[in-house]
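Next come the structures, one after another.
In the two assemblies presented below, chain A is common to both, partnered first by chain B and then by chain C.
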Partner chain A sequence: MERFNLLKKDHLIGFLRKLAKEYRIIAPVKNRHGDTLFTPVTDLDNDEIDLTNQPQNSIKSFLFPQTEVIATYQSSTPDDYTFTEPEPSFPPTIFFGVRPCDLSAILYMDVIFLKGKKDPFFLDKRRNSLLIGLNCTAPFANCFCNATNSGPFLEFGFDLQFTDLGDRFMVETGRSSGERLIEDRPQFFTPSTEKDSQARYQSFLEARGGFHRPVHLDQTLKKLAKGEVDESVWSFLSERCQDCGGCAYVCPTCTCFTISDQPLSPTNGERLRSWDACTFSGFTRMAGGHNPVHRATGAIRQRFLHKLLYDVKQHGRTSCVGCGRCVGICFGGTDIVRFINMSCQGELYGT
Partner chain B sequence: MEHNAAGLYLPKTAKVQSVIEENSQIKTFALSLSMGAQPTVFRFQPGQFVMVSMPHCGEAPISIASSNSRTDSFDLSVRLAGRLTSAMHSLQPGDSVGIRGPFGRPFPLDKLVGTDLLFIAGGIGLAPLRSVILSCLADPRFSDNRITLLYGSRSPADIAFCTDLAAWEKSGRVDCHLTVDHGTPDWKGSVGLVTSLLDTVAPNPTRTKALVCGPGLMIRAVLAELTCLGFDPNDIITTLERHMKCGVGVCRHCHLDDKLVCRDGPVFTLAELQGHEVMELAT
Partner chain C sequence: MTNSINEIENAEVILVTGSNTTEAHPQVARRMFDAVDRGAKLIVIDPRRTPLAAMAHLHLPLHPGTDIPLLNGMMRIILDENLIDDLFIEMRTENYHALRDLLFRLDLDEVVRITGVPLDTISQAARLYARTQKAVICYCLGITQHICGTENVQTLANLAMMTGHVEKEDTGVDPLRGQNNVQGACDMGSLPNVFPSYQPVSNEDYREKFEKAWQTSLSGTPGLTLLDMTHGGADGAIRGLFIMGENPMLSDPVLSKVKETLTGLDFLVVVDLFMTDTAKLAHVVLPAASFAEKTGTFTNSERRVQMVRRAIPPIPGCKTDLEIIMNLSRRMGYPMEYDSPAEVMEEIALLTPIYGGMHHDRLENSWGLQWPCWDRQHPGTPFLHKYFFTRGRGHFVPASHQSPSEPMDATYPFQLMTGRIYHQYHTGTMSRKGTLLNRENGEALLQIHPDDAGRDNIRHGEMIILASRRGEIRVKAEVSDQVAPGTLYTTFHFSEAPINLLTTGARDPKANCPEYKICAARVEKIRQGP
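On to the complex of A and B.
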């Protein structure tokens, strides 16, 4: 049985201050330039925790850093060449204010990094992380998580989940680890009433009706499954894609990476894993310059088919969580919503 | 950290035991994983590959070329292609490399028992097939299989694995047919594409399994020819080369539609590839 608690908004900072004694807190913080970014909170009195705007980044970069050392190596002579795995160094961390799309993206990363051979670096960070979600009561301009089934309210996956009810948060418990956060700090919470549950439901209905973009993902999924998306859609999108990789970097579920050596001296160095993007033309190029993926249409097709067809086949879910970030960042206008809309229309493009 | 988590990306040090110069482009290295003075047991199945590290050069996927009956050391045959492979070509006995693996889905050896085996290779593509041939020769289950090898090279000087070819021919267990793209005055053998040898050996498609590896264009021509000869797509088995970084099905560089070559391959039957956009099948 789910447990519901109330936390007065006036008590939020006090609660976080108590948590901060044991955990590093990462939350959406508005910086002095007016950008809201997930950032480690270092000063609860002065950092402006912003639960109103959509954070520009997701929490991907904390669990799967843009660049990460996966081994160090040393080799002073040709017969000496050894590798060392870095010591885990991720402190116990609470991610606070994670919206359903971004939280759902973490659940996807769990599948990618932990379902088969467990990725030691992701595992270390994930184990030391607690997720406090924040349901979306007012979808942002580019959001379509209603179409991807990852919002505006989330049903599972969080340790705790907050819903804004005006002067108070309703707090749901998703896991025993979340329950302990409350049990150990009972002074901040009061039990919720039937009235609060009604208010939460009302807020859910309003959020569900508050999406600005109609995105008919279900139609696209059907067309993709039947192979009915016209070739001209791919070539149109490929022509306009500028190969910048921006979509992959802002996307909370893009997890392709590359591995490279960074020499630190003639005798030692670091092996790095860094974000990569399947739309880059070098992504599949082999020694000698041969590329098995057709540059004109293959790369962007891989991006969308991976998210909307292959992951559905393999993991039973899309890996687009409808956060809308790529819509905001793509200056070629070849973001995923553009693709979904084009594929639904069934027209021929630019041929 | 969980038992199976640590070390996924951590190479082990392996020592070069010997180096054979196959031709001007290809060298074969015998390696053993070293744990103190004793070599460690290394088990794999033919068709699998390892990720090889060289200092400051990152990693490259290389097929294991030796018999699976040998567990104290294994062979890698490496063609000069770029940075890492050039660094490997200066390795001497006693030198070290980094190794992760073995990775990938191997050739289905159990399904090959009791059939005629037709190996078709071009250039360095003989490396993974050499592993199958040697493993079959060492495995009593295969003592009655008819084994034929068709091997194409660019020129007589480019023919690699000469010691193996001579030994197989001599043992009478492998019927070897060689061809070169460009002959020389003293070359008495056949000249032309490896597909031309198929007419000579006239394989029986109903009781033969074909194992194919080589450059993309060669694979394409051979798969088409075998299909014409009436081979079932399930009986044509090939191994694909793609850009790879992690080797364990996460980084996605080796994507092939919904498959990943490092995890779902590199060995595929033609039947498994049909319906996918594969450059080796394009017409």
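On to the complex of A and C.
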């Protein structure tokens, strides 16, 4: 039988304190307004590390910031530009308490940014990052990672992964880099027993049965692959899309960006890359003003096709990881769960 | 708003007039969508086929500036078909007979001729609205920015009262206010004639109350309205101006007049985040801190007062509005010493009855409180006019059609309407600094109907000349059937195409609101060559 390590909850902060000597720790922290966000932990004694609520942000924004300087430029005459790449400045970082959905999202970003020609800005950050996962034992209101096969428990992709067993965590090792974190600090860990493995499995079964939303993604995927999603579904949702881009901004796998130059003075400035979203009309509008995407009928088409059809074709799986954040943020009522449910309604209830 | 925003979700009929809600008030539009998804019927009255009009059950594409005859037409049909709420009229209102007399004299054929809306459509709208139990009217600047803006609003009130569609939950008349805190600014007495909480300066008791609190003598004469100040001319009575967070060099009508006035001043101070067109004319510019750099409250459309907390310290060199005012007043010999915004809020609660129970500690951990909130125990007021109107009985004020201030003629054959778009905020002082927002919508576009464009051989995306009796600008044409033939539409966000050079200075004599929505205009191709 495979053996794992156990870490008593009482010693979690002690363990993190040791890690913090060598790494920056980024973990879900509840701020003074009651919001839980992935935040760099600066004070282990007073920052409230919150492992019971879903962080409102994913860790995407640390590895792929909303706005990032990719070059600075100097220009003495209008025709003469000198570009300088910024020095890498991402310290060795441990992301702690990353749930399976967000961890799956990082694996997807690895494919986007590191397959083939590598994105140097992402690579620098990713190389300096370790991921300590946290299996989900109680799915949140909008979660559907069971439908996207990215949770509630994860089998690979992490350096270490924690499972809450009440007074203790079971700690799995996914990579040698994770193993070293334990080997260098063996005093915190005891070996697990068969009983602990049983408890972990029981916890998995309970999590699997704890989803609040029925989401029949497989039906939608089949319909999309066969081109059978009714046109009326697209236009119904598109005309309600409020064009805020919130879904793309909270999405842990949306990686589209745009590049702009920001002058700081007449002679120097910054070249920035910032998050973009396919639901914006400027995303597809051409120089002459023509837009092949008609907002009222197709504003959200690219978003759902990309996540649920193109990525399945190209990478073998959806790039929706079922974290449910877009469901919570969308105020037009055009989120991906509504799309999935609308698109398979005919099949489920007859037309 | 007499209702709360959330109540719109439960309405059974929503009548939207003079509001491009999806672009200007997306959070309100979202409730409309939800209501429609639950079976509510949506009626949109708008000269343009806005996105909301496109999805409405009934769209009444009236000619610009013909709201009163259209609404009177609806009321006449309601009257003819016995759809009025007799009991409500009897118990809660007065002066109904004056309205009825006017409606009896109304010629429906003439209504159709003036408004351009078929009688059948008007009838359908009238029946839908009158027959339902829960009906909400949402209106915006398309109603108020006319010379008859006040009468437009009164006519909407007539319609609501005649059918008993007020003083109930999910039912009422809701003006959608534009900026995040325009309601709060009015509540705080940023109007020429009132102290905070709409207590008139002309009333001696109120004046005494504020004199006691502020320990200074106060004038009982109302101040000047906006255009009285910015249209005063080079030799106007106003010699010095202190402008905070406003950019009249783009937002006020007849910009040439505004410029003449501002450059003729002895002293102009502008407090703003960025160097606006107005700030460029100032003798002194004071850099202000943004919303993210200060603590306080904003009051939104539904009268909800919400806390805003400082997220980052002010950028070096910038000060919050409170600091700027305190610094100035100290130097002017009237020290105002507040330790915190919460202390200002205490004074507001003390002097402003409708904010009587609003303190920072109550607002801090909630989604805010809706005024009137009389004291610390009061839970706030989700909807107004429950059981009685503020003034007692609802007073019907009948109104008849008034032609827009500026007639069209052979030289200026188009009606030009102005408004806003989703991605830019007001004069773009802040939103035009955002790369993505500018990419989404970074320049003024003039909507022109394909028939009109075709006649003048104007292509989509072509720079053209747009002129009115006051001047001309260059703007890019957007050939679109959102507008009807004979009408044009554009926005006022862009200083490269300052549309308010063209708009008229005519205004509603009661509310002093300029007629931004209609002026006579012409379009012209730009001639190439020498």
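By our rule, the second predicted complex is superposed on the first by the 341 of 351 C-alpha atoms of A that agree within 3 Å, B and C clash if a C-alpha of one lies under 4 Å from a C-alpha of the other, contacts with A are read in each partner's own complex, and residues count from 1 in each chain.
Criterion: a residue touches a chain if its C-beta (ideal position, glycine included) is under 8 Å from a C-beta of that chain, and two chains touch if they have at least 3 such contacts.
These figures come from a predicted structure and were not determined experimentally.
Chemist: Record, for the superposition on chain A, whether partners chain B and chain C clash or fit.
Modeler: fit
Chemist: Count the residues of chain A touched by chain B and by chain C, then name the partner with the higher count.
Modeler: The partner making contact with more of chain A's residues is B.
Chemist: Name the contact category of A:82: first (chain B only), second (chain C only), both, or neither.
Modeler: Once the two structures are laid over each other on A, A:82 reaches chain B alone.
Chemist: With the two complexes superposed on chain A, say which partner A:284 touches: chain B (first), chain C (second), both, or neither.
Modeler: After superposition on chain A, A:284 lies in contact with chain B alone.
Chemist: With chain A at the apex, figure out the C-alpha centre angle toward chain B and chain C and round it to a multiple of 10 degrees.
Modeler: Angle at the centre of chain A: 80 degrees.
Chemist: Under the stated touch criterion, which partner chain does A:260 make contact with: chain B (first), chain C (second), both, or neither?
Modeler: A:260 contacts both chain B and chain C.
Chemist: Which partner chains sit in contact with A:276 here, chain B, chain C, both or neither? Use first/second/both/neither.
Modeler: In the superposition, A:276 contacts both chain B and chain C.
Chemist: Of all C-alpha distances between chain B and chain C after superposition, which is the least, in Å?
Modeler: 11
Chemist: Which residues form the common part of the chain A surface touched by chain B and by chain C?
Modeler: Shared contact residues on chain A (touching chain B in one complex, chain C in the other): 258, 260, 276, 288.
Chemist: State the interface residues of chain A toward chain B in the complex, per the touch definition above.
Modeler: 70-71, 73, 75, 78-85, 88, 112-113, 116-120, 123-124, 255-261, 263, 269, 271, 273, 276, 278, 283-288, 290, 292-294, 298, 302, 305-306, 309-310, 313-314
Chemist: Inside the complex, what are the residues of chain B that reach chain A?
Modeler: 1-2, 4-13, 15, 53, 55-59, 81-82, 85, 91-92, 94-98, 216, 241-243, 245-246, 248-258, 263, 277-279
Chemist: Can you list the residues on chain A that touch chain C in the complex?
Modeler: 33-34, 239-240, 242-244, 258, 260, 262, 272, 274, 276, 280-282, 288-289, 296, 331-333
Chemist: So in the complex, the part of chain C that touches chain A is made up of which residues?
Modeler: So the residues of chain C touching chain A come out as 22, 26-27, 29-30, 33-34, 37, 51, 54-55, 309, 365, 422, 435-436, 439-440, 460-461.
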